[in-house]
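Encoded as structure tokens, the structure appears first; notes follow it.
All chains are identified by letter, namely A, B, C and D, in their written order; residue positions are counted from 1 within each chain.
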Amino acid sequence: MSRVQPLAGRAALVLLSLMALGACEREMRRFDTPPDNRSRPEAPRTSALQPAEARSDPVRMPAANGEGYDENAFSVAQGKRLYRWYNCNGCHAQGGGGMGPALTDDQWRYGSEPAQIFATIVQGRPNGMPSFGGHLSEDQVWQLTAYVRSMSGQLRKDVAPGRADSLQGREPEVGRDREPARPGSK
Amino acid sequence: MNAPDHAPRSRLKDGPGGGSREAAALDDTWRDPPGLLGWLAAVNHKSIARRFIVTTFAFFVAGGILALIMRLQLARPNAHIVGPDLYNQLFTMHGSTMMFLFAVPVMQAVAVYLVPLMLGTRSVAFPRLNAFAYWIFLFGGLMLYAAFAFNAGPDAGWFSYVPLAGPDYSPGKRVDFWAQMITFTELSALLEAIVIITTVFKLRAPGMTLNRIPLFVWAMMVTAFMVLFAMPSVMLASTMLIMDRLVGTHFYNPAEGGDVVLWQHLFWFFGHPEVYLIFLPGLGFLSAIIPTFAKRPIYGYTALVLALIATAFLAFGLWVHHMFAANLPELGKSFFTAASMLIAIPSAVQIFCWIATLGSGRLDFRTPLLFVLGFFFILVLGGMTGIMLASVPLDLQVHDTYFVVAHLHYVLIGGAVFPLFGAFYYWFPKFTGRLMSERLGRWNFWLFFIGFNAAFFPMHLLGFQGMPRRVYTYQAGLGWDGMNLIATIGAFVIALSVLLFIVNALRSLRRGVEAGDNPWGAGTLEWATASPPPPCNFYAIPVVHGREPLWVQPRVKSDGPEEGGQPAFTHVSGLAADARELLATTVLDARPDLRLNFPDPTIWPLVSAIAVTVLFIGSIFTPWAVVWGSIPIAIALTAWFWPRRPETLLHLSLERRP
Amino acid sequence: MTGSELDVSGLPSYGFGHRSLMWWGTFGLIAIEGTLFALAIGAYLYLRSQSDTWPISAAPPLLLWGSINTLILVVSMWPNHMTKRAAEACDRVRARRWLLACLLFSLVFLVVRGLEFATLQTRWDSNAYGSIVWMLLGLHTVHLLTDTYDTAVLVVLLHTGPMEAQRFVDVSENALYWYFVVISWLPIYAVIYGVPRLQ
Amino acid sequence: MHALHDVFAPYGPQAGEVRALWLLTLVVCLIVFAAVLAALAIALWRAPRSGSDARSAPDLSGLRRPEPGTRRSVVAAVVASTLLLLVLIVASVFTDRALARLSTEGALRLEVTAHQWWWEVRYVEPQVADNFITANEIHVPTGRPVIVTLKADDVIHSFWVPSLAGKKDLIPGRTSTFHFRADHDGVYRGQCAEFCGFQHALMAFFVVADPPERYADWAAAQRHSASDALDEQQLRGRSVFLRSSCAMCHAIDGTSAQAVRGPNLTHVASRGTLAAGALANTPEDLKRWIADPQKIKPGTNMPASALSSEDMDALVGFLQALR
């Protein structure tokens, strides 16, 4: 008994600090934009389409797997805003798909890992997905990536965004159940 | 029904005063059980109220510290002590703390201590509910500060306007914690309101007719009624908010037929009465302190009571004056202008009555009276700026500027905090048995008074010069630097004076002068018993013959029945001394009506509060918590309600049908 | 202690109606919940006034189950009334019987309430109209659930004991609260089912 | 940029009316305040002192005989304050009327949309072709009424120019209108007055009141799209703009940059300030702003751009050419 109590106390303490870390991770407002890392593998653009004026230079692939974005509610919310601002809706609708493939289902042609989604955004994909490399800061791409993953319930429930102040397509991201991601073909 | 024979017969009856065998029995009966478990199971209104007061005061200090950090940031232009993210959390926490965790609950806490003493009874009605309300309040406040510590402190303002506080613009859980804190604190406040109302209506000493109720009790009763009708509004609003955020409802989503101004209507329908929930108890304190130090009964008792009631009614008719800048129909606005200005009249009536009382009395300048005089200066000034804000054109210029910050602090600190500090000095001897130091008290008062005006008067001018509220910084060269610096200095002077108060309280607790039953020579019943009062408050329930029972001598019996139909009895006898038995009287003229059995201390209110806390916090993370979380609550409440056999037998032995 | 005593040992130890503390507690609850319902209805009408079409992209809720439910509620006032009378006569047996009847009524009611939700023809997350309708119906259902549970506990208590007269006061105040649950439903019913049909 | 922002230095009829009402209210309130304190002082001075002896008996005479003198003065005081309040109510309502009645003959029409944390200004002319868009700086001709249609893009903001008129909220899902008039030329500072998030503090705008002819010249210039007369450096700057993240949010008429998420930069060089009044419009500040906006306005939606110093110079040169 006398041995149990301190143990229990320590356990509670550990649990609490874990909660704290989780909460801080989730709630942090990341303002300072991390500079784009210049020493990363380059890759060709796989789409001719580009916003505004086209660039000819190759795009830079992600060094890591976008740590820290999937767990941060603010980044995901920013991603959701950019998704609207940069008119991803135009093709993907509210994730339901249209000209472009749906993002709310479990079918990922180019992979559902953050790094893979990052590549899709910067390189572009054949048949319509523009190449945003160089037109977006790396930070913004990661935010978009995190949001895109939330659309198919890949993120923690306490991070995924709630309903938007706009016409609603389907239930808010926070209400979506995770669908096992497997490469499908559409 | 008749008592079974094996029921223990209760023999000891109260009546004989202190020192007697019955008195000792009463102490044992009403004392909280010993040990930690006993402490957690306590239901005595004085123990609960003491914890409640200390807790709310701790929140007051916490909120004050947050304010100091804000003032540091604003002392100079373009300061970088805190960034916008933290600053927004700071002012949101400051506002929420002061409004929800300090101002309203502290008044109820003091009432829970004093009302039974002033009414001459031994407990509040529903003592277990009272304990439950305290625990709920404590857990709600702790949750909010835990969230703040984990960087999940709310950051959308204490008023949480949507859409800024909505799911689209406040990601994460910050605002959810705020909304649940509302649920906690308002639940607590509503329960306390029920406790106070029932106590006042049913547990008054014989002879305390409605027109003999002490004015502080009147103020608290009016406040309690306002709580009943004001708080549901904000609970509804915050529930809608959290549902918008968590389950995707569209109450506040214009794109789906919702409306963001709906929030403002619901919030201010609560939010404006809220101001008077804070203000009316302050007036009650004054009406208790002034007669004592003027050595005469208050002037215009009836007028004061009617003024309280009038204020309560008008308070529900002017919420829109917080929304003049949101485009609303013009015609309505002038109505709300009129209502907002007319509410000044009841306040004026009270102020003039108090001045009359002071003018025709014999004054005794002690610290409590000093704080009362401070009230006159600050509150009246705040009232004047309030009248300016009630006028639509003026409001449209100064609305949401530092002018409003100045105004609301003049009203709330002048109208509530100064009287509250006066009340602390006034009743501290009753709470603890010792007087507070007068010398420190005067220092405390003057530092507070000067610091306050230094901190908040310049804000009026800042508002005129175009400085908006809720800004985390301001640019140099706008002409705001100097006055902001003064305000910051003033804020620290206030902090110093509050520190002095704490020192004074702690020192007096040990080394203060022994107070005795009635150190001020006051007239109300709480001074009729020992300081601090025994667990049962009164060894013999007094019989009341006037508004200041300790000042009026009962007439001799030969005069026959006097007003209120009470013959000149001095005290009550015949209540069980070895059971928690209380006298209930009739609602209007307080004739003895029933002998009621009161519940024993129990741990279940605490357990229920924990269960409720689990549900509330759980529901921030998953809606299903509402389902599985309700099961432990049901169990706990049932265990709370379920009668124990020995208790029942005791009650049966005392039972007597109407 | 000197002075003349007012001996109260002869007073009754319980009383019904506003003589009891329970009545005042219940009265407070009713005031709170009543305000809540009124404000929710106010919010409903406010949202309606802000919208060009009402109900928003949905047909009005079907009348069948809601009306049946209203009927059940109104009828349930009768066993409720009998319970109150039995309780105030301190008649344990009859109180027990009638309270059981009340419990059955509220259970039936809850089942039908389930069907009622299914016939609202809108979801809480489809638009503001759906949200407020679900809110109104949900609020009232919560009160039903609590009072049903309360009744169930009392039924058990009346069977098992320990009993004292105070428990009859509890039963009678529980009945009072049920009256409130019934009465408050009528305006809510009118709003949920009537207002969408107004033109 | 130096600008006026004082409720009581009015430069337009609205603020003027309010100032008059304010003076009346102030006088009345001061009188009442002084009277109350005087009454209190007299009361305290007249009343005898009782030593702090708890046992000194209270004076209960008030319970037995009425106190006609006291009663009279209290009633008089209440009546007086009621009358004064009525005066103020009437004055306030009349001022409100007067403000509502101000003529809007031949008014200039604007549409202001508030964003987190900047102001989009659209000039709505009789001919649609004459409409043009600018940001954070509103030019108006002196002496001519201005009707502003207020909208919000994200959260609630509030439009306030202390020296010219009171404030009005911009509310998502609603439009409201608001009118003012600047009688003297000058620059008047305005600021968002409703808490709207991280950068509520640095969400200023300016109303520049010019004589009609100078205003006409300005408007004419604003209607042109960006000129192509650019030197080598500036051309490079333009392509930096169009090929980087700038063009994702900003529009420059006459180029392929047509995004509407940030301020329209067609004539950015003609404005007095940058970032909604947070910075002066100088090349140095512009560089600081582009390089790391979060340093200047933490939380702003503009991302940092990591440009080579050559690209940065070229870009700033190009933006400075957009007059």
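Please note the rule applied: a residue touches a chain if its C-beta (ideal position, glycine included) is under 8 Å from a C-beta of that chain, and two chains touch if they have at least 3 such contacts.
All figures in this text were calculated on a predicted structure; none of them were measured in a lab.
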- Message: So, comparing C-alpha centroids, which chain is the farthest one from chain D?
- Response: C
- Query: When the contacting C-beta pairs are counted for B-D and for A-D, which pair yields the higher total?
  - Reply: B-D
- Message: Counting only Cα atoms for the centres, state how far chain A is from chain D in Å.
- Response: 37
- Item | Whole-Å separation of chain centres (CA-atom averages), chain B against chain C | 30
- Message: Need the CA-centroid distance for the pair chain C / chain D, whole Å please.
- Response: 51
- Message: Multi-chain contacts only, two chains or more: what residues does chain D have there?
- Response: 154, 172, 198, 298-299
- Note on the structure: By the touch definition above, chain C meets two or more other chains at residues 125-126
- Contacts with 2+ other chains: residues of chain B: 83, 85, 163, 168-169, 247-250, 253-256, 259
- Sort out which chains touch which and give me every pair. A-B, A-C, A-D, B-C, B-D
- Touching residues on chain B, where the partner in the complex is chain A: 83, 85, 147, 149-152, 163, 166-169, 171-174, 244-250, 253-256, 621-622
- Task: Flag every residue of chain B that touches chain D in the complex, lowest number first.
- Result: 83-85, 88, 156-157, 161, 163-164, 168-169, 254-255, 259-261, 294-297, 299-300, 303, 325-327, 330, 333-334, 337-338, 341-342, 344-345, 348-349, 351-353, 355-356, 358-366, 373, 376-377, 380-381, 384-385, 387-388, 390-401, 463-466, 468-475, 477-478, 518-521, 523, 546, 548, 551-552
- Along chain D, where are the residues that touch chain A in the complex? 154, 172, 198, 239, 242-245, 247-249, 256-257, 261, 292, 294, 298-299, 301, 303-306
- What part of chain C is in contact with chain A in the complex they form? 125-126
- chain C partner, complex, touching residues on chain A are 163, 168, 171-172, 175
